[in-house]
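The two complexes that follow have subunit A in common; it is paired with subunit B in the first and with subunit C in the second.
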Partner chain A sequence: MLLEVNHISKEYRSGVIRTRTVHAVQDVCFKMNEGEIFGLIGGSGCGKTTITKMILGLLKPSEGSILFEGRDLTKLRKKEWKEVRRDIQVVFQHPQMTFNPRGTIRFACTEPASNYGLVKTREERNRLAEELMEQVGLTGDQLKKYPHEISGGQAQRLSIIRALSLNPKLLICDEPTSMLDVSVQAQILSLLKSKHREQGLAMLFISHDLEVVQSFCSRVAVMNEGRIVESGTVKDVFSNPQHAYTKKLLRSYMHY
Partner chain B sequence: MRQIRNFFNMLNRKNVILILGILITGCMLLIVIFAPHLEMYDPTKMSLEDKFIPPCREHWFGTDHMGRDILSRVIEGSRVSLTTAVAVVLVSAALGTGIGLVSGFFGGFMDMILMRLVDVLLAFPTIVFALAISTLLGTGQGNLIIAICCVQWVRYARIARGEAILLKNAEYIEAAKAIGCSNLQLLAKYFFPNVISKILIMVSLDIGSIILYCASLSFLGLGAQPPSPDWGVMISDGKNYMQYAPWMTLFPGLAIAVSALGFNMMGDGIRDLLDPRMREAVQSE
Partner chain C sequence: MKDLLQVKDLNVGFLVGKREVQVLRNVSFSIGEGEILGVIGETGCGKSVTGSAVLRLLPENALVKGEILYKGKEILYMEEENYRELRGKEISAIPQSPGTSLNPMMKVGNQVAECITGKEIRKRESVRTAVNDIFRRLQLPGKDRCYGNYPWELSGGMCQRVLIGMGMITHARLLIVDEPTKAIDWALRKEVADILLRLKQEMGCAMMMITHDIGVASYVADRVAVMYCGEIVEVGKTEDILHHPIHPYTRGLIRAMPANGFEVMEGFMPSFSDLPEGCNFCTRCRYRDTVCSRPQEMEEADAGHWVRCRRWGEIIKSREEQLCS
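Let's look at the complex of A and B:
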């Protein structure tokens, strides 16, 4: 078992006298195997991104535990986190906003590797940068540019390739294609697919694009209002939905 | 040729201010650097038979009550006054930015304490507080710098903290954490470069008022001490002879006014240039 999410909840409290509690995520459980592509679908604001942030350690769950290769991520110390982070990488929704606006592409794409001491000298960094650019089909002179000067598709390919430069075991894709147009989406998906095949990379694929999920994932969980309402293999869930919300979701997709 | 035309296209209403500001501060800088070569007389040499000479061909700005040449003293004074002002701004900007960034980045209890301290310091008028501190520390140029820095850093801390809190929730900061950046790396590579442009604008806007603060404190006898030709000290010396030797206060006063104006114009211009909304307004004019 690569990742086990056990009964995690996240709530936000506001107000001092009259406390209001918002349950962003409630009692969510799912498991992922090595090398599996697991889909997480659901409407906007249903808590998908909160889950990814908790797995990445950017948010602390109010309750529950997250086991990654048997280690409980909610109880890790700071130093231990640094090791684990190498194995769990993420691709965010807004490609251009993933990069430091004040840093060049060269700086951005070699940053993870240099953080973990994989490249030390300037020459090694430059070589790595050129290698990565080649892998995603960009030219070397784009290394001098700033994030806002390249296109969304290019930026997203770069953010994938820079996450993969650490050789992670799990890649969390938080709506990686939702901001891109259809032709670019296909490029991104084929890049992910090929990396999945080559490296046996497991992916937690979060999306509200059902078509992509259907063609891409092996198992899927459907979320609504902070809970997982239904999960199973893609075939089962898509051909024979049980929960009312899943039916509604699928119906809207069919009409579309 | 095209570059020249572009330069003149830039010269519209708002950029005139920037260019004038740069010209004035540039001239000031040249005067500071080449001060010993520009002075016609020794700025501290007294000759009592030459005292109170009004502006004439030998002494362009006249002489003071000890027969010292005022033009030479104003030129020499630029070194004292301007270097003090620049030192104050640099030290307080560095200190304030550092404290503000750390405070905003880590938040929590320390942030609360620091920000209450900032609130207290901001409640007093700058000059009053600086006056109190420099009385406490005693006279002298070094103490003057410390005193003004003690008050001035809070302005930068405020700005830096606000920016840090805004940045903290940016997606690229979370992305940076996910790729294993340490807190120190985040502060140095992400927060600092994103804050520095705002701080630079503040610095260029503040130098003008710092020049005034330094001069006021020196005028009150808390900064540079008499033989040293500081502008504030010169005005202070001249105030007793205002009726029959107004040039003694007029010229150092003008020097303060022009340099403060120059820095302020440059600061305004830079702010307009760097603020994206302003930039569009400048270009469409």
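Let's look at the complex of A and C:
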């Protein structure tokens, strides 16, 4: 078992005298095997991103535990996180916003590797940068550019390859293609799929696009209002939905 | 069907420094009364520029040539004052990205009311009822309370509906809808598509729907035009274009859909200042031949199905052979 999410909840409180509590995530459980692509679907505001943030340690769950290879992520100290983050990497929805706008592409795509001391000298860094660019079909002269000068699809491919430069065991993809065109989306998905095949990479694939999830994932969980309402293999959930919300989602599927 | 809007050989270029970058090349299409034309294509292929050209909202450095006829009347070179009579009342627009198209400091009801108060002077009360009426038609939750909400109090889907309300409150005959389903989630996407369909059925509103979402286009549009690098490469009935595409670019686009196995098209869209000679798609095309380096014309491959590829005959033949084998 690679990742076990056990009964996690997250609540936000606001106000001093009349406190309001928002239950962003309630009692969510799921398990992921090594080398599996697990889909998490649901409408906006249902708590999908809150879950990713808790797995990444960017938010602390109010209750529950998250086990990654048997280690409880909610009890890790800062130093231990540095080790674990090498194995858990993430790709966000807005690629351009995840790059430092004042650093070049060369800086952006070698930053993770140099943070972990995998490349030390400038030559090594340059070699790595060129290698990475080649893998995603970009030319070396793009390295001098700044993040705002490249297109959304290029930026997304770079952020994927940058995350993969550390050889993680788990890649969390938070709506990686929702801002992109169909043709660019195909490039991103086939890049992810080939990495999955080559490296046995496990992926937590978060999306609201049923079509992508159906063709990309093997198992899927459906979320609504902070809870997982249904989960199972893609085939079962899509052909025989049980919960009312899943049925509603599937009715909005627009076949072409 | 009578043509409501006709666009003939529309060319648009932008002056960048002293150089002209041509963005639209001989774009021709027509929209009939009460018809929805879906315009699909990748980001930066000139879809939105076409929409802005019809609305005459292009920036000042744009160089426009060609003809745009609305109800048979030339509107491209019309006096701005006369055009203002049309814009809003006859031709209206629903802009993209609801998050940024609304004024954050103003109640949404007043923003919609703005569209009619300037044009027809009416009592404040009747304006308010008209706006509430539209909100109810669009099934905005909260009924009349919505009038007093600010955009940031509403969800993305509700803001999108407010924008649709702005576009339709003047009962325009032609709506230019720019990316209505961009960045909204799956359940809302269907809702917005249903609203557009209802608009067409109840009010007989014609639409030019700009989108890159093939699912929505197939659900809503009567006809589809595919754009690539500032040219329309294929146009015809929705069913023909999406299920029996001819142009290699359209075929690539359909095959790139996740349900069809997200097959990747070779190469990238070239930039407008660096287009190949002849057919714009020739450098990425698997049917490339010597005729492709000559300029391509629109040819009618089937009744009402036009395609900008000289090799359409051979492509159809190879498709049939594939089907047989």
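Note that the second predicted complex is superposed on the first by the 253 of 256 C-alpha atoms of A that agree within 3 Å, B and C clash if a C-alpha of one lies under 4 Å from a C-alpha of the other, contacts with A are read in each partner's own complex, and residues count from 1 in each chain.
The rule is simple: a residue touches a chain if its C-beta (ideal position, glycine included) is under 8 Å from a C-beta of that chain, and two chains touch if they have at least 3 such contacts.
Values in this document were obtained by computation on a predicted structure and should not be read as measured data.
> Once chain A of both complexes is superposed, is A:32 in touch with subunit B (first), subunit C (second), both, or neither?
So A:32 meets neither subunit B nor subunit C here.
> Once the structures are superposed on A, label A:182 by its partner contacts, choosing first (subunit B), second (subunit C), both or neither.
Second partner only.
> Applying the document's definition of touch, where does A:190 land relative to subunit B and subunit C: first, second, both, or neither?
second
> On the A-aligned overlay, A:229 touches which partner chain: subunit B = first, subunit C = second, or both, or neither?
neither
> Just subunit B (first), just subunit C (second), both, or neither: which does A:211 touch?
second
> So, A:105: does it touch subunit B (first), subunit C (second), both, or neither?
Neither subunit B nor subunit C is touched by A:105.
> Taking the two structures together, which residues of subunit A meet both subunit B and subunit C?
Common interface on subunit A, subunit B vs subunit C: nothing in common.
> Which part of subunit B faces subunit A closely enough to touch in the complex?
170-172, 174-182, 185, 189-190, 193-194
> Okay, in this complex, where on subunit C does subunit A touch?
Residues 42-43, 155-156, 183-191, 193, 212, 214-219, 242, 252-253, 256-259, 261-265 of subunit C touch subunit A in their complex.
> State the interface residues of subunit A toward subunit C in the complex, per the touch definition above.
Against subunit C, the touching part of subunit A is residues 41, 43-45, 151-152, 178-179, 181-187, 189-190, 208-212, 214-216, 248-249, 251-252, 254-256.
> What part of subunit A is in contact with subunit B in the complex they form?
53, 56, 58, 82, 85-86, 88-90, 92-94, 97-103, 111-112, 115-116, 159, 162-163, 166
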